[in-house]
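Presented below is the structure to which this report refers.
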């Protein structure tokens, strides 16, 4: 299974604190732990590469795409977003991490604001497992804690998830739907809240476990290109006396 | 309640058969029957008006927007689509009719291909009521028939509807999810399949009843502008010793 | 609109503390505030009345049934539960309050364990509004607080709600899906968490507002008795050469 | 993976036509094709065995239970239904075939009437694939046909499925949600319409493929016994000055 981890990779270059936590970037840290799974072949791509590292051949070969973005959502080209969207609808899996709630690709697939409350402070986050049978939560107990994380709070401007997997409790008094899935076309989408750049969240065992599980869950089952066919009848129809006057404009 | 019926209004001008059925356009026919409901104030807007007739003040005053488009989806300006989307997410209702499955606004809100099978021939359509308690189906029995309609067939490239209201049977052997609802943000969306331009579908009583019911159902309950606020804690937090080194970039 | 408030009415008689808060029982307190709404005609019924106060004629006349039970779920007769279930599936609304998560009727309609974590202590509950456009939340802001309540925690053993309206934050570190809706048959169901008998929760304005809103939301739109009919074909079928050998057992 | 196929096994003994199609019963025919899958160990159980063949040890060892019943739903003991329900909520998969829409176990898990229209005649059934990426539909094309089957028609009295996989078209003019999934507790449920006893439906390749796929899909991921624990706080709480007067009745 081929996984591409896409990262904006700007905070790590601009902020020494972030660089001290993720010296080679968050994408590299994520690729590193995913590579412990023999079934996964991980590669990375970043904003400042040509075509953001998401060339046609990279997308062609990607089974599951992981996305982290925050300060430069607007710099992601609409053409690349459109290609990624097409691939998800054909069947590619997508895992949106943390601030990717506001990425162009996540918003384009969900169709809503994806807005939320936020606070960078000293909150602890406790994530409650609301669907213990779900494969993304394999190995996760009733809850786990992240000692410090950015707070995200409700209301979260998302369509009702197909499955709600995790709800977070924050010290400061908020709650958040921190793990949720949607199907769009033939592709599976998982949003996973944790991962603020100033905390070592992606080194935490439960976070790594969930992302690894999610890669397996999001693996494509099919690849079906978009089509809107003019389809002949399968059963006898009355004679078509109007055919001559019928407009010939199709759906595309 | 203020309803704006938007119509591409091209088939009626280009095709004498369509013009003979809807001499003043489908939008006018729809506005006409909606106006029989004293609670509804109907106005129309069309593609070739400035800003497609959807100026800021029109959108500002619209509670529910009805959309019919087919041969010129690509001519609808992205800026207008973005404004309509914003209004739906704030709370405005949207009713997408027939070929509006492929309109920019419907696709932008649903996030998927919205593709389907189709055939213009001599099919009869029988629409089965799968949710008889739903207010959109008030007054509709177990099924109703449209003597001739374009066929739309599954698979329909939509996200799982919140509610599935109607499933169509076609003579030629296909089925279709012909009435379905989704919530996006604070706005309610209803897709209703019938209404091919070469048939007098919008003069049929059941079709008029369903569209009228849907207008009432889609009426806004709130209007909430998008917001992604930095929110102070509601409960005591540990001292913030890191504040000085924290990046100041917000979610916008 | 006729509303019946059903209460076990045991804690109030057995526990002086509860009696001091609700001297005439929680059902009476709820009926009292509902009666401020001119559209609502409220009556009550309790466990120790004949047929638990839910005779055929009472159920016949009830549009929305509110249920509070806790220490005596097992004493509710299965025959009454079956009648209530039938009425909900026909169209009657049901509002299950607090410990009614474990009532026979709620479990029979949802089909799952409805189990949860709980703690009677000094928790504050803050309920976050996750769907501000929903009519049940009309007049409710981003959140509201109940100074002291029993804690209910996830995982909550319910099927995925149709709509998730409220998520609670508790001082002790838990979260809970405190407001949720499901449709069963033609009836609407709302579960609302607050209302432990040792706290004056049903005197709080937001709680009263939500229950009143929910009564309006749950109002029946239809009443359709259960039926599983042998249905003649609507389209021509091939000749039935097997009719003589076909078994005659129907679905009932 | 251990699969138990439960069959009422009455039609086969009472009706020579059914016996001629399924001389050893439908359960044996289903077990036979499932046994072609090396990962599946299939056994059978029938109504007239002691405890209907569903003893504690059989249920204990069953990963996925397949159910076929029709003329004797009422003879299934409530105690056995309760045990099966408990096992599903703990994690066991359940596949309900054809007339099992009216089985006690299916109705207990879904909570609704599960009623439908029906007709035994000469209809052809064409099942349309509405979710081609779903693992239950692996290997199934856009549609498949069953030359003769009993008709089931909408409205089908089920809660909104989590996933709608198949919609049927019948010659006589009806449609039906023929493949659908629900999660209840930790268990996965799949309803699959085809399989009337007077037709050789379970010998058809697509039907066998779907049932085999569904067994894999429904395989348990966890086994979690029901629990409703009194849970100590994870965060500091204010002092509990009321503890002495607090009632001690728990949720069980």
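So that you can tell them apart, the chains are marked A, B, C and D in the order they are listed, and the count of residues begins at 1 in each.
Criterion: a contact is a pair of C-beta atoms (placed from the backbone, for glycine too) under 8 Å apart; a residue touches a chain by one contact, two chains touch by 3 or more.
As the structure is a prediction and not an experimental result, all values here were calculated from the model.
**Q** Fit subunit A to subunit B on CA atoms, both being copies of the same sequence, and give the resulting rotation angle in degrees, nearest 5.
**A** In short, 180 degrees.
**Q** State the chain with the largest centre-to-centre distance from subunit B, centres being mean CA positions.
**A** D
**Q** Return the chain pair with more inter-chain C-beta contacts, choosing between A-C and C-D.
**A** Result: the pair with more contacts is C-D.
**Q** At the interface of subunit B with subunit C, does the proportion of residue numbers present on both copies reach over half, so same, or stay under half, so different?
**A** Subunit B and subunit C contact each other through largely matching residue numbers.
**Q** Measure off the straight-line distance from the CA centroid of subunit C to the CA centroid of subunit D, and report it in whole Å.
**A** 27
**Q** Using mean CA coordinates as chain centres, what's the gap between subunit B and subunit C in Å?
**A** Centre-to-centre distance between subunit B and subunit C: 32 Å.
**Q** Can you work out the whole-Å distance between the CA centroids of subunit A and subunit C?
**A** 36
**Q** Do you know which subunit B residues sit against two or more other chains?
**A** 126, 132, 153, 160, 162, 171, 173-174, 183, 185, 234-235
**Q** Spell out the part of subunit B that touches subunit A in their complex, as residue ranges.
**A** Residues of subunit B touching subunit A: 11, 15, 17-18, 70-71, 85, 89, 99, 102, 108-113, 115-123, 151, 153, 157, 159-160, 162, 171-174, 182-185, 197-198, 226-235, 237-240, 242-243, 245-247, 249-251.
**Q** Okay, in this complex, where on subunit D does subunit A touch?
**A** 91, 126, 132-135, 138, 162, 171, 183, 185-187, 220-222, 224, 234-235
**Q** Which residues, counting only subunit B, touch subunit D once they are in their complex?
**A** Counting only subunit B, the residues touching subunit D are 126, 128-132, 142, 153-156, 160, 163-164, 167-170, 173-175, 177.
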